[in-house]
């Protein structure tokens, strides 16, 4: 049970942290339609997170519900990849982060929809449709921004360069995942790398953005070794629940 | 004159005026102002609520609030589109908002200081807005009426969610109950001001009533709202911050205290707690995002040029 | 006792909130000496806050120490003026806020140093020396920035215009203060306004900054009616204590 | 050659070399690099700790941390001033930092993930820094030695405060104890790397030893640090994340496991968790603040021009 709990928690944390980041754009987006699009993508992810947390809590069997998991764990207990906790930066950086994540999450949810675990499969099937849109939407923006003005091009290249070290972590596999992949429950990310590469290459090329060099990759999220950003994000997210222990909202 | 007569006849017959119909210039101007200000209200209204999304205290509330704010943005889009049918562009209207030449509902000039404010906004602000808007669903101008029908449906849902937040708080810890009461204390009077000046002070009502843009007077709607809301507050175990509140058995209406019209005028004129902050936020986002819009335009032009180039080559 | 508690808490909250705001500049200042100056001013204010909170807790007599008061009250219970909770903005806005506050706090602490309450008098006497430096330092910067480049001038004027509505609140007197002023305990801010005006006029003139029009003034801090900014500030400040109730740090 | 001999004689006699004294170009270059990197370390070191000032969990800790970071900035200023005596400007040095042509202590490329990290930094990072720096108080170059004396005094205080934070946590709640242990687990090995590569891998030691810039080898200082620190960890009830730790009764030293030199090289070369983030932060603050520095310069020029103008008028 424990590996399945860990695994589900990782997926839930990825979705919540990224959904929360997108929700930070409300009131700050460059154009109203984008404020709605960012919010909608955030809603998709928060919805995925809720389903996954609920399932994780059931698996764990200690009575922790979605809110206990989201609001009452410290940063060191969070299991998301480091990419999703990176600050929004400018609009190009947000779209680049979304492209990098969704270009992985789309084939990943396609694969996970075949999981022997019926709940994970169902969550993945629903998420798959959502992630298809996220890839399309973020790709369209990266192309517009990369092949737009000098300024937008520079910002988009800077975003690619800065976020590139965070993409490797999506394709890591550890003991927990190896076990679950063997059992047909988890989706193996390694075979998905080729599709991810193809998507990124296609989009960056069309956006006239130079693909950054593959160097050392950031890592540590699965072990709770986060960047300094997650602590601040959680202080915001969790404050009310921490200030009113045991209250119902 | 014949056109004007025919126009008024349509209106009197409860027929819709559509974008291509003739309309008096004053009608068109009034509608542009009203629809634009309604649209501006939706998008400025996203800000006080947006202030609590990242701190929403449960995932259910987080998702609901984010969805509510999305709906409001969507309402803004429909309404800008409705205004555009009258011959203005959205960019012009947005410029008028951020330069303070057009207004938005003054209720959004108040700050959201606790999570309970989010409940109160759903319950009372959406509640008052619905009361103002339901008659607009029968507005003579077709695009506006149709937009209002969609808006009211979604806002009813938001109002119920807001009330549900209040219910949860009022059944919660002492701190939560105090939070709910404090929020109600701060928002009640500004909400009553949402119905506008008292009838004896209102200019311009005749034309808007005649053109079936406005159906009920400010005081009529305000009274309806108070009568509907007080039982809800009682159900929540909350008191209204109005010592003059008294049910009149004869009229079957709730009598309430005098609104501070000086505060209303001051806030509408620009001197409320959040006026400058709200405009600054929308303006900063807009100006800060200029490079994004410029990029989109530049890209579209490049694409069009490439398509023309390709077409030329194909033709040769 | 209650009015004295309320009054002391107001002074403590002003100092803590402003000190916290200044501390946010660490790692972000335009030049190293300024990072140190901003930090030092922050330390002065946090020091004042600590003395005042300790005293307030004694007066209240319910066992609340400085940390219980700073970390366990919600925004609605904070009593600071709205000026000090405004976000830092750019360097001109921070210096403008500091000038506006210090130009009041300096004569205020001079007056409060004569309080019949020995503790308040002692805290004020120490603070007076500190605030003299704050006035000088912020005034020097406002003059440099106002009479520097076109850009710095524009930013400084914008800061003056944006913060002006927050200056009136410093000179309000309510029932609590009237009672304590009559008892020779509190310092009456109203007679200090002339000196404040002189300082601001002198500095703004030399800085070639147009004095903004006196219009409607923001108010409400003494009653716990804050701006939307304080809640976010406190979520950051208080998070750890809220997450670990009862722990000693 | 005579100059070189006199220089070495002074050094051998433990006399200080001062800014106006002759010195070999290689000595000057080495010192510039070392002092600059020391200064850069102080100002980059403000960042991981600065990350926790706003969230410091008590007013005492908040004030102490803010004061510590101020001290570090002050150290940076003294050290830049010491470097400037060797013929470089602070602006040049800062440019070399933000363009990554000069380095800073690699320990600051690790993130502070909890409040306990602040305790560990004071206890171990300052502790290791002191161990590296105490010998520098007798460095042959006068300005650097004097700066080091002031720095060491303040850093001893910081180290005690850090240890006191750890003591408080180790006597606290189970969560606090776990927080302290987790922080130690993450920082221990990077702290050991602060003493640099093992002696057998170190280039350039001979010259720096001969010039009395360096007094002890890397391994000597590292061993001294380990021996001093392990009893402190035991006192705190914390375990070191090193299964190979073993006290050797004969040598009276603690034997410890193999350091991951690949990680050390990688992080020094730029691929640590926070390298890019640290430089970006200092760079952004610097570039974002250009308008402030430009204004100060413009104002100073205007003032000078006005003074000259006034002097001219006075003379007439």
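Here the chain labels run A, B, C and D in written order, and each chain numbers its own residues starting at 1.
As a working rule, a contact is a pair of C-beta atoms (placed from the backbone, for glycine too) under 8 Å apart; a residue touches a chain by one contact, two chains touch by 3 or more.
All values derive from a computational prediction rather than experimental measurement.
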{"item": "Chain whose average C-alpha position is farthest from subunit A's own", "value": "C"}
{"item": "Inter-chain centre distance, subunit B versus subunit C - centres from mean C-alpha coordinates, in Å", "value": "36"}
{"item": "Length of the line joining the C-alpha centres of subunit A and subunit C, rounded to whole Å", "value": "41"}
{"item": "Chain centre separation in whole Å, for subunit D relative to subunit B (CA means)", "value": "56"}
{"item": "Multi-chain contact sites of subunit A, meaning residues that touch two or more partners", "value": "74, 235-236, 239"}
{"item": "For subunit D, residues that touch 2 or more chains besides their own", "value": "51, 55, 175"}
{"item": "Chain contact graph, described as a line, ring, star, complete graph or other shape", "value": "other"}
{"item": "All chain pairs that touch each other", "value": "A-B, A-C, A-D, B-C, C-D"}
{"item": "In the complex, subunit A residues that touch subunit C", "value": "74, 232, 235-236, 238-239, 242-243, 245"}
{"item": "Residue numbers on subunit A that touch subunit B, as the complex places them", "value": "16, 20, 23-24, 26-36, 39-40, 42-43, 46-47, 49-50, 53, 66-67, 70-71, 91, 143-145, 147-149, 151-152, 155, 236-237, 239-241, 244, 246-249"}
{"item": "Subunit C contact footprint on subunit D (complex, rising order)", "value": "43, 46-47, 50-51, 53-63, 66-67, 69-70, 73-74, 76-77, 115, 165, 168-169, 171-173, 175-176, 281-282, 284-286, 288-296, 298-300, 302"}
{"item": "Subunit C residues touching subunit B - in the complex, by the definition given at the top", "value": "74-76, 162, 165, 215-216, 218, 220, 225-228, 231, 235"}
{"item": "For the subunit D and subunit A complex, residues of the former touching the latter", "value": "48, 51, 55, 111-114, 175, 179, 182, 186, 266, 271, 273-274, 276-277, 280"}
